[in-house]
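Structure record follows, encoded as structure tokens.
A, B and C label the chains in the order they appear, each numbered from 1.
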Amino acid sequence: MYKVFLSLLKRDLRLAFRHKSEILNPLFFFVIVVTLFPLGISPDKQILAEIGPGIIWVAALLASMLSLESLFRSDFDDGTLELMLLSEYPLSIMVLAKIVVHWLITGFPIIIFSPLLGTVMFLNDDAIITLMITLLLGTPILSLIGAIGMALVVALKRGGMLLSLLVLPLYIPVLIFSSNAVGSSMAGLSISGQLYFLAAFMVFCLTLAPIATSAALRISLE
Amino acid sequence: MKAIMKWIYHLASPKHFYRIAGKLIPWFGWIAAILLIAGSIDGLFIAPVDYQQGDSYRIIFIHVPAAWMSMFIYMVMATSGAIALIWKIKLADVIASSSAPIGAAFTFLALVTGSIWGKPMWGAWWVWDARLTSELILLFLYLGYMALESAIEDPRSAARACAILAIVGVVNIPIIHYSVEWWNTLHQGATVTKLDKPSIHISMLIPLMLMAFGFKLYYVAAVLSRARNKVLITEQNSSWVKEVVALESGAKNV
Amino acid sequence: MSKTETGLQVKSLSCERGYRELFNDLNFELLPGEILHVKGENGAGKTSLLRILAGLALPVSGEVIFDGCDCRKYRSEYNEHIAFMGHKPGIKLELTPVENIQSYCDLGQRKTQQQIMDTLYQVGLYGFEEMYCNQISAGQKRRVALAQAILSNAKLWILDEPFTSLDVVGVDFFLKMIQQHVDNGGMILLTTHQEVNLNNYMIKFLQLPDGSISH
């Protein structure tokens, strides 16, 4: 079972590196969206520092959601997803491998680049560290919940808009707690409560989302 | 156990359901109408004026029951979705998908009445308070459910996919609700659910309960009649539906 | 009816698409060493039947029994015994044939590099094993998929239009593989629009939608 997980992980990473745009596009999107806000609102340091955490998090959320297509779409189109469904191993293990890859190629680069964006939004050092921690805890949740939504729409021709309708409401708790944690650490307040919530929610999603995703995939491929 | 399951399957057979639901709908409908009229009269004219909010508080007799119904119907959808997935009872799918627009309507009603109530209280049509925001997110969940249902062509796959979505949604609702509450603790807490020490006077509680039960029975009547129509569509190939259709159209011709 | 415990038994299977009934009360069985050729016009439900038998789709009612076990209850065991080749190629274009077969085999029993190479030569892909699959022809992609089926060691091959985009040599070769599989006690379920010379084998025809069997 472990071997299936690793084999699929290796395969998907190899595919991602043969399509470099899959890794770079979400990252560029993330950076560009954050850049739009100072241009659209004001370059004022006070204002940006106040809205920065929320903006960076909304951008991360959208970047993660828009890259969900890469999770199952190509496997669906070329039929390898069918072969996975017909494997003798549990589908949820394979789904988990694919979600891990999705996080590695979209969530992880965002975490690496977040200090840069924190700096341009005038967050202080504490807030930047908190931003990275919340992204580390939060982006896996986005990939896990997003996988359920993507599995539901994978067989539909124009599922993109629908996907955002399904997935974004479920992202709200992550957004609330993460951006609040960054804002609080800016103000020098304790943030352990928010981080505990995010960690608990991540573990919760990690256990249940692969099961829900594989159930959804079986229905979508009927 | 086996006998019970057999009995349930028998009751849930579309043909049986169609017949029984047809008989039950008028009962639920009329009782709902009576309760709603009584509740409205009691709530609008008999219940005392609130010493802080004056007469404008009376909208809670619609707002609060509608908000309850919006949550309750989503639970019904998730539960019947789970029943349909596990025991493969087709009727449960029909109930779930018939419930969605009714639930969305109640959610919308709760939002509208909430914002009307907010105007004299806060001086603005919309305030980002916890309950209204939760209700708005719930409306998004309903809309997502209905959008998914209409996007999938095959009705059976659509029902099964929606069941998964409703279950995922229902697991997330408490988490969303809690996070929104936490995000904004400005609003007055739920006043009625504190059963040990009710902070609402009995003269206001009675019309509230009348309205709540009226809404619930209305929902039952509405969902049964929608489900009845849906059953005719899903079972259009079976002989009993053809008989029903022949009978109805024959009756019209005479 | 023989009460065998091996092979595939289909009992009163019905299928609907939308609200339209495709077929109703389908009964047949497939024994080791037999080929079942599913025939029918476009839209008669051939692909739907094959997807149901592969366990990808749900029938409205009915049972699929393999070696005496309900294939829905024993999904993992059933999946060990079947190889499915659908309309879609089932291979990734950005991977080489070897990588494709390797990752397919990892979904089931693992195979050594040597076994994979041998099978690739067997299906006539000598010299193409290091090319990406988007550089090889459609027929060659079919051969990669065939190599996957051969390596899966599955007893039952479910083949939906396997001969599309194969040339005459390719079809002959595929038929030879089918012959070999059947001779080794395998079973084959297939649909095809092409006139192929399958007559030498133990072959049955299933006509959809009425479900009549002829030899």
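The working rule: a contact is a pair of C-beta atoms (placed from the backbone, for glycine too) under 8 Å apart; a residue touches a chain by one contact, two chains touch by 3 or more.
Model, not experiment: these values are computed from the prediction.
Enquirer: Farthest chain from chain C, going by the mean of C-alpha atoms per chain?
Expert: Relative to chain C, the chain with the farthest C-alpha centre is B.
Enquirer: Which one chain sits nearest the middle, judging by mean Cα positions?
Expert: A
Enquirer: Rounded to a whole Å, what is the gap between the Cα centroids of chain B and chain C?
Expert: 47
Enquirer: How many angstrom lie between the centres of chain A and chain C, each centre taken as the mean Cα position?
Expert: Roughly 37 Å separates the two chain centres.
Enquirer: With centres defined as the mean C-alpha position, give me the chain A-chain B separation in Å.
Expert: About 33 Å, centre to centre.
Enquirer: Can you list the chain A residues in contact with two or more other chains?
Expert: As it turns out, chain A has residues touching two or more other chains at 222.
Enquirer: Counting only residues that touch at least two other chains, what does the list for chain C look like?
Expert: 58 - these are the residues of chain C that touch more than one other chain.
Enquirer: Give the residues of chain B touching no fewer than two other chains, as numbers and ranges.
Expert: Residues 154, 156 of chain B touch two or more partner chains.
Enquirer: Given the complex with chain A, which residues does chain C contribute to the contact?
Expert: 51, 54-58, 76-77, 79-80, 82, 84, 86-95, 99, 102-104, 106-108, 110, 148
Enquirer: Taking the complex as given, what residues does chain A use to touch chain B?
Expert: 148, 152-153, 155-156, 159, 162, 165-166, 168-170, 172-173, 176-177, 180, 197, 201, 208, 212, 215-216, 219-220, 222
Enquirer: Can you tell me which positions in chain B touch chain C when the two form their complex?
Expert: 153-156, 233-234, 236-237
Enquirer: In the complex, go through chain C and note every residue touching chain B.
Expert: 16-19, 21, 58
Enquirer: In the complex formed with chain A, which residues of chain B make contact?
Expert: Those residues of chain B that touch chain A are 85, 137, 140-141, 143-144, 147-148, 151-152, 154, 156-157, 160-161, 164-165, 167-169, 171-172, 175-176, 178-180, 182-183.
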